[in-house]
Amino acid sequence: MRERFMILFSGFAAVLLVRNLYVMLVKLPDEAAQGAIFRIIFFHVPAAWTAFLGFFAAFVCSILYLAKRNLRYDAVSMAATEVGLAFAAGNLISGMIWGRIIWGIWWTWDPRLTSMLICWLLYAGYLMLRRAVEEPSQRARISAVLSIFAFVDVPIVFFSIKWWRTQHPQPVVWGGGAMDSSYWNMLFLNWVPLILIAVVLILIRLRQEEAQREIDAVRRWAHAL
Amino acid sequence: MDERNFTYMFYGFAVVWLCLIAYVVSLAAREKRLRQQLDGLKKLMEDRAK
Amino acid sequence: MSAIVAQDVSKYYGDYPALRDVSFTVEPGACLAMLGRNGAGKTTLLKILAGLSAPAKGTVAIFGKPPRDGEARRTIGVLGHGIAVYDELSAFENLRLFGELYGLADPRKAAAEWLERTGLERAGDGLVREFSRGMRQRLAVARAFLHSPRVLLLDEPFTALDDRAIAVLQTLLRQALADGRTIVMSTHQLREALELATEVGLINRGRLAFRGERTQAMLDDPGWIYRHYGEA
Amino acid sequence: MPGFLRDSLTIAAKDLRSELRTKEALNASVSFSLVILLLFSFAFDPSADQTREFSGGLLWLVFAFAGALILNRSFARELPNDCLDALIASPISGAALFAGKAAANFLLLLAVEAVSLPVFGVFYNIRWWDQFWQLAGVLALGTWAMTVIGTMFSALTVNLRLRELMLPTLVYPVMIPALMSAIQLTTHLVGGQPLGGDVLVWLRLLVAFDIIFTALALSLVETVLVG
């Protein structure tokens, strides 16, 4: 059942991606100042959104874990954070390439990029903490609290860095004014396949976690014999 | 379309997917570890059965 | 009202069941010795009774209140594996601290009184760091008894103690029983525990395998209970 | 509520007494802060006029690094003899335990800052006392932010074997907004101007950070301590 969902999701994501690539490379009007590189935005931005969606899912599941003490929520929280980190890494590196072309430097202390980097460090700390705790219930409890702290911190980080950076002159992403609505549509359209892929990855990771739990249980049973 | 920086756009696209692929590779490695643990268990059980 | 009621208490460490559906009651004035091998779940059970750990399933009531309730915790005295006193504070300061935490009316008086009852009255101002092992253990006993708890939870109380501390503890426990206090202790040292116990429980792989009165047969042959109920 | 306050004070007094008796963390933290102040003088020209412009950043990095030594110890000092279990089993609430420990840490961190701030003034030739009371307020707010996060994470990691390695990497990213606010405000005040206008946004952020994370820590600490 779950298998079929995963295949269905991946297939749908692939079809959508091909269609989106065709539209964004052939149909969409060019951005006057930047040339082709501008089209990175169609992956760069939805990747960030997907990452935050993952972190948000982890936040919700952490609260649910603390309320219900069911290790399944802990597993979802962990899987969503891992997948979120992969998307966040995609966002960061594509942002660097974009910055290299537009501003000539690999790293700008752009508020969004900096916030994402801090987020990445926060959640990398979450995974690091998980590795350091052996006992599963304790691990779930501690990392749920950390996940809640991290997620509450995210908006504060974002606004503080925004204010920090607006005090210094900053390069702008596109030449001021509103972005064309066809670009916006493309951003959202390309978000859908990324979400689907994230869901599939989370499901795979969850299945592995379940298999690990079963193996551990069988091993304990075998040793008890 | 405007073809300035086309290669860099390609790199940008590729890099997002590379991050995801790297994660998938880590998933595959974990899958392999699970498989090994399972085989070890099976062997353990067979030894016990004898 | 029963002193302790445990109902279907289960605790998991991940998927590993440390306790499975443990139910029992202890009436006021009873002394229950919980026997069991290492890793059977005795410490986990005592931690749950003391409110240090929450059960995954089931409930515990100490005189009708859940163990994390402030009122319930005031009635409980815990003596765990560690001595739970501060090395860098004096014996008197340690006892006064716990007297304050337990909301005693006069922590200083209680501290002085218990220093005397454990034979530490002359060492009261000395830092615990400078104490001998036996003195530290007696101070730990004083800390657990300080607020005259109606329920005493002791985890392997006789294991690490020296002779004098054992004597002090046994006198105090007998007195506590005479006063109608309730005692639950986990132990694998059968003789000392069985002498005091009025009731016996046996935990085997997280399950309560036996629960009953302490009989003369157990005193005569402490291994008896393990042979009959130990391997399930 | 008076019970909560009394319990917190008892815990704070206990922590302060045992720390002042051994002075282990305090000595380490003060000397570390002096060492960092010295090291920074090699990173740039200490007599330059711009020093004033990043004085806030410099000071708060010193406070954050040196403070970690004190915050690290906060719950770890309960580990020998299993004292933590005795505290959790006692009738005080987890929140009161946390509040007491945080208060003790707060005072210890302020003590370290009280030593390193004048030394900073001497080393880098900076008149920092023009806005003394406002500066003191900002130091208190920023230090409380560090204390809340540091104490909470000390409780989180208390049973882990890699505690000392783990804590800095977990704590600093969470603190970033508070540190940034404190840096902005401190630079402004050390520059001799009173607070007002644009910088007030940083004051608001710092206060909000303090309130949000104090509330979060107080409500979650019981779950952290009782397994």
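Here the chain labels run A, B, C and D in written order, and each chain numbers its own residues starting at 1.
Quick note on the criterion: contacts are C-beta pairs under 8 Å (C-beta built on N, C-alpha and C of every residue); 3 or more make two chains touch, one makes a residue touch a chain.
In this text, all values refer to a predicted model and were calculated from it rather than measured experimentally.
Engineer: Of all the chains, which has the CA centre nearest the overall CA centre?
Structural biologist: D
Engineer: Counting only Cα atoms for the centres, state how far chain A is from chain C in Å.
Structural biologist: That pair's centroid distance is 49 Å.
Engineer: Where the centres are mean C-alpha positions, what is the separation of chain A from chain B, in Å?
Structural biologist: 17
Engineer: Using the average of all C-alpha atoms in each chain as its centre, how far is it in Å between chain C and chain D?
Structural biologist: 38
Engineer: Suppose each chain is reduced to the average of its Cα coordinates; what separation in Å results between chain A and chain D?
Structural biologist: Distance between chain centres, rounded to whole Å: 32 Å.
Engineer: If I count partner chains per residue in chain C, which residues reach a count of at least 2?
Structural biologist: Nothing qualifies.
Engineer: Touching two or more other chains, which residues of chain D qualify?
Structural biologist: Each of 227 in chain D touches at least two other chains.
Engineer: Could you list the positions in chain A whose residues touch two or more of the other chains?
Structural biologist: Residues 137-138 of chain A touch two or more partner chains.
Engineer: Following the definition at the start, I'd like every touching pair of chains, please.
Structural biologist: Listed by label, chains in contact pair as A-B, A-C, A-D, C-D.
Engineer: Once bound in the complex, which stretches of chain A touch chain D?
Structural biologist: 66, 118, 121-122, 125, 128-129, 132-133, 137-138, 141-142, 145-146, 148-150, 152-153, 156-157, 159-161, 163-164
Engineer: Which residues of chain D touch chain A in their complex?
Structural biologist: Going by the criterion above, the answer is residues 149, 152, 156-157, 159-162, 166, 169-170, 173-174, 176-177, 180-181, 184, 201-202, 205, 208-209, 212-213, 216, 220, 223-224, 227.
Engineer: Which stretch or stretches of chain A touch chain C in the complex?
Structural biologist: These residues of chain A touch chain C: 69, 71, 135-138, 213, 216-217, 220, 224.
Engineer: Tell me, which parts of chain A touch chain B in their complex?
Structural biologist: Within the complex, chain A touches chain B at residues 25-26, 30-31, 34-40, 43-44, 47, 82-83, 86-87, 89-91, 93-94, 97-98, 100-101, 197, 201, 204-205, 208, 211-212, 215, 218-219, 222, 225.
Engineer: Name, in rising order, each residue of chain D that touches chain C in their complex.
Structural biologist: Its residues touching chain C are 3, 6-7, 10-11, 14, 17-18, 21-22, 80-83, 85-93, 226-227.
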